[in-house]
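Below is one structure. I have some questions about it.
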Amino acid sequence: MNGSIVEILQIVILIGLAPAFAGWIKVVKCRMQGRTSPGLFRPYRDLAKLFSKDIVLAENASWIFRFTPYLVFGTVIIAGAVVPMLSTNLPLSLTADAIVLVGLFGIARFFTALAGMDIGTAFGGMGSSREMMVASLAEPAMLMAIFTVSLLCGSTSLSGIAGTVSGAGFIAKPSLAFAFFAFVLIALAENGRIPVDNPATHLELTMLHEAMILEYSGRHLALIEWAGMMKLFLFMAIGSALFFPFGIDAADNISGIPQAFVFLVVKLGAAGVVLVLIETGLAKMRLFRLTEFLGSAFLMATLGMLSFFILE
Amino acid sequence: MDLQTAAQINSFLAAFVLLTAFGMLAQKRIYSLIHLFAWQGFFLSINTAIVAYVAGKHHLYISSVLTLSLKVIALPYILHILVVKLKIRKEVETMVNIPTTMLIGIALVIFSYYLTAPVTELSRLITRSTIAVALATVMIGLLMMITRKKAVTQIIGFLAMENGLFFAATSATYGMPLVVELGVALDVLIAAFIFGIFFFHIHTTFDSLDVEQMTRLKEGD
Amino acid sequence: MILLILLGVPLFAAAALVFVGDRRLAPEVNIAGSAATFAAGLGLAFQVYGQGPMTAGGNFFFVDAFNVYLAVLTSFVSMTTAVFSRRYMRREREHGRVGHWGMRFYHSMFQLFIFAMLLCLLTNNIGVLWIAMELATLSTVLLVSLYRTPTAIEAAWKYFILCGVGIAQALFGTVLLYFAAEKVLGEGGEALLWTNLSQVSDKLEPTVLSLAFVFLMVGYGTKVGLVPLHNWLPDAHSEGPTPISAVLSGLLLNIALYALVRCKTLVDGSTHSHRAGDIMMWFGIISIIVAAFSLLRQKDIKRMFSYSSIEHMGIATFAFGLGGPIATFGALLHMLVHSLAKSSIFFTVGHASQMNKTQEMDRIRGLIKGNPLVGWGLILGAMAIVGMPPFGVFTSEFLILTATMKDAPLMTPFLLLGLGVAFAAILRRVQFMVSGDVPSYQKPMKAAHLPVVVHMALVLLIGLYMPVFLNQWFHRAVEILK
C-alpha cells in the first residue's frame, strides 16, 4: 500500500517540480553569464500562458498531430513511475525495467517525429530526420550504458540497480565510471542540450528538436514543452538513481520519504549546476560532428562493458 | 594501502590508460594528441608506483620515475618542439575514418582479452586483470601507426605501443628485471633522437611530413 | 677476458671513430677495429672449441657452439666489409654522395652496429638480447638514409617503423616468457638467462610459451624478413650504401634468426610438440615461394639480391622448423655460406653499380670485359647463391632437401619450385649483366679484390671439403638445438 502512495507522490513531484528544475537551470545559467535571471517560476508562467491560448491547427493536420502531445506527456509520466526517485520500493518498477524505459522514450520520439512530418512543412520534416539521426545513434549507446550497469548489478530493473549500488560492500568500478560518462553524453543528446542542440534558439540551420514542434501552439505546445522539462528532470533522476543512489529510501515505509525528498532536491540542484557548467563551457557542434559525439558515447559505453569483463 | 584498494586503483588506472589510447585514436589535433600521450604516460607512472609500493618491488620505483621523466616530460616536450619547429598545424589525417578505426579498436580489445585469457588465469598477481588492457594498448598503438598518414602521428603510435609494453611488463610480472627496463628506456630515448633527426630529413626532402608522399619504392618499378 | 675484448673493441672503435671523423685514417681505423674484433672472435672460438660452453661476466654472457660460430662469422664478414668499404666509401665521398658528417657517422655507426650484433649473440639474457636487437636496428636506420635521397629516406622510415612494430611484438613475447619463467625460477634477472631457461624448459607453462612464441615469431620474424613481414627489407637493403647492404643481408638477418631459434628450443622443450616448428616451416616455405617469384620482377640489382636474402632466410627458417639433425645441420651451414656468398655478391654489386652509376640491371652490361674481378665475382657469386655445385650453398640446400623428403615429403615440391624459380630468375639477369660489350658510360675503376676472393674461396672450400673442426662444431650446435 505504501508503495502506491510513493508512486503517486513521485508522479506528482515529477509533474510539479519539472518546470521548477528547468527554471533553476535558467537561473544558474544567467548568474554564470552575468545576466539577470527570469526567476525560478518563469516556466510555470510560460506554461500557464500557453494553456490559456487558442490552438491554431493546420488544415491538413491529421489525428496524429493532435494526439501526439497527449501521448508524449503520458509516456513521460509512465516513465516517471518506474524511476526510483524517492524510494526503490515501487510497485510499477516490477512491470517495467530500464529497457522498457528506453522504449517509452522511443515511442514518444517516434510520434513527435511523425507529427513533425504530418503538416508537410519543410522545417518539420528536417527536424524529424535530424532527430531520428540523433536517436539512431543515441539509443544503442544508452542501451549499452544500461547493460553495463545491469551486468554490474545483475538486474535490469532500475530499482534493483539503485538498491545494489547504494548497498553496502559495493565499490567503485571502472566500468561504472565509463557508463556514467556515456550516460552524461547521451543525456545531453537526448534532451537537446548544448553541444548537440541549443534549446534556446529557433535558428533554422541549427534546430533539431525545436524544428519538429514548430507547428504546435497553445495547449499542445504547452504539453510538449512540459513533457520536455519532465524528460530532462527524469534523466537527471535516472542518472542519480543509477550512479549516485544515496538517500533513496529502500524500506517500505513513508517516514523515510521526506529525507529522500531533500536528497533528491539537493542532487537535482547539483546536477543542474553541472549541466550549466557543461553548456557554458562548450559550443554547439556542427550537425555532422554529432556522429562523432554520439559515437564516443557509444564507445564509452562499450569500453565500460569491456572493462567489466576484463578488469572485474 | 591494502591489496583490495590497490587492485581497485590499479584497475581504474588501467581503464584510464585504455581511455587515453582510444582518445588518441579519436583525436584530430596534433597538440591534443601529444597531451593525451603524456597523460597516458602519467597514468602508467602512477600505476607503476602503486604496484611498486604494494608489491614491495623497489626497482619499480626507478621504472616509475623513468617513465615519468621520459614519457611524460621529455618525449612530449621533444615532440612539441618538433611540431612547433616544423610548423605542423594541420589536423591529423587518417587513412580510415575515425568511427571505423574506433570499431576496429574495440575489436582489438576483445581480441586481446581472449588472447591473454590463459595468462590471466595463471597469474596470481593483483595486476593480472590489466594484462589484457596492456596488450590492447599495444594493439591500438599499432592500429594508430597503420591508419595515420603523418610521420609525427605514426611516431606517437609507436611510443604508445611502447607504453603498452611497459604496462604489460608491470602487470604480468611486476616489471622486468632492472637491466632490461633500463635498456628498453635507453632504446626508446635513442629512437626519439632518431625520429627527431628523421623529421627534419623528411621535412626537407619531401617538404611535408606526409608519409603518403613516400610512394617511390614500389614493387616492380 | 677475451669476451670483453670482443665486445669492447667495436664499442671503443665506435667512440674513437667519432673523433677521427673524416680524416684519411678513418677507414684504416675501421679495418683495424674490425680485424681486432675478428681476432678476438677467433680466440674465443678456440677457447670454446677446447673447453666447451662457458659463461662469463657473472652469467651475463654465455657462449656455446651455436653462438660462437655466428660470432666468428659476424666479426669476419664485418672485417671484410670494412676492407671493401674503404675503397667504396672513398669513391662515394668523391662523387659527393656523402658529406663530411656522413663519413664520420658512417664509420662510427658501422662499429656500433657490430657491437650490437655481437652483444645479441653473446648475451645470456633474453631481455638484453631484445635490447641489442633494437640497438642494431637503430644504429643502421640512419645509415640506410645516409644518401638523403627521397627513396633512401623512405626506405629508412619504413625500416624504422616496421621493424619498430615487429620488435615491439617480440618484447611482448619476451614479457610472456619471463612471466612463465618467473614461476619456475623465481623473480629477478636469473629468470631471463638462457642457461637457466634451457634447463627448466620442460617445466615452463606450455600455453603461455605457445602464446609467447607467436609474438616472438612475428617480432623476430620481421627482422628475419619472413613473408609477409618482409616489406621493409628490399627497400632498406637496396637504398643504403652497399657495405651496409652487405652486413644487413649477410649478418643482421642471421642474428634475428638466431634469436628465433633459441626461443624455439625453449618452446619445444615446454610444449613437447612440433607446433613452433610447424609455424616456422610455414613462414619459411611461404617466404621461399613469394621471394622466388618476386625475384622475377626486379629491375634493381640490389633489390633483386635482397629478395634472394628473403628466400635464403626462408630456407634456413624452414630447415630449423623441420628440425632433426640433418635439417638443423643444413640450416646452420646455410646461414654460414649464405652470409659469405651474399656479402661477396653485394661487394661486386656495389662495384658494378659504381662503375655504371646505376643500380638498374638493364643498364649494367659487359662487366667481365670492363672489370674481370667484378664480372667473374658476380657470376660466380650468383652461381653459388642459387645453389650450383660445387659451392657450399649446394651442400646445405642438398642436406635440407634430403631432410625434407624424409620428414615432410609434401613440402618438397614447393621447396624445389622456389629454388628452381630463384635459380632461373637470378642467373638470367646476371648472365645478361656480365656478358656483352662495355657500354660507353661505364667507367673503369679499381675494385677491392681481397674480400670477394676470400669469401668466394671459403664458399667453394666448404662446398668441396668441410673442415673437420667446422663439422664438429655444427654437430655440437645440432646437439644444443635438439
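Quick notes on this one:
Order as written gives the chain letters A, B and C; numbering starts at 1 within each chain.
Keep this in mind: contacts are C-beta pairs under 8 Å (C-beta built on N, C-alpha and C of every residue); 3 or more make two chains touch, one makes a residue touch a chain.
What you see is a predicted model; the values in this text were computed from it and never measured.
When every chain is reduced to the mean of its CA atoms, the largest separation from subunit A belongs to C. Ranked by how close its mean Cα position lies to the mean of all protein Cα atoms, the top chain is B. Between subunit A and subunit B the centroid-to-centroid distance comes to 38 Å (mean Cα coordinates, whole Å).
With centres defined as mean CA coordinates, subunit C is found 66 Å away from subunit A. Centroids built from CA atoms put subunit C at 31 Å from subunit B. Touching subunit A in their complex are the following residues of subunit B: 4, 8, 11-12, 14-15, 18-19, 22, 26, 98-99, 102, 106, 109-110, 113, 129-130, 132-133.
Subunit B contributes residues 115-116, 118-119, 122-123, 135, 138, 141-142, 145, 151, 154, 158, 161-162, 165, 168-169, 172-174, 176-180, 183-184, 186-187, 190-191, 194-195, 197-198, 201-202, 205-206, 211, 214, 216-217, 219-221 to its touches with subunit C in the complex. Residue ranges of subunit A in contact with subunit B, taken from their complex: 171-175, 177-178, 291-292, 295-296, 299, 302-303, 306-307, 309-312.
Remark: subunit C residues 125, 127-128, 130-131, 134-135, 138, 141-142, 145, 148-151, 153-158, 160-161, 164-165, 168-169, 171-172, 174-176, 178-179, 182-183, 187-189, 191-192, 205, 207-208, 211, 235, 239, 294, 297-299 touch subunit B in the complex.
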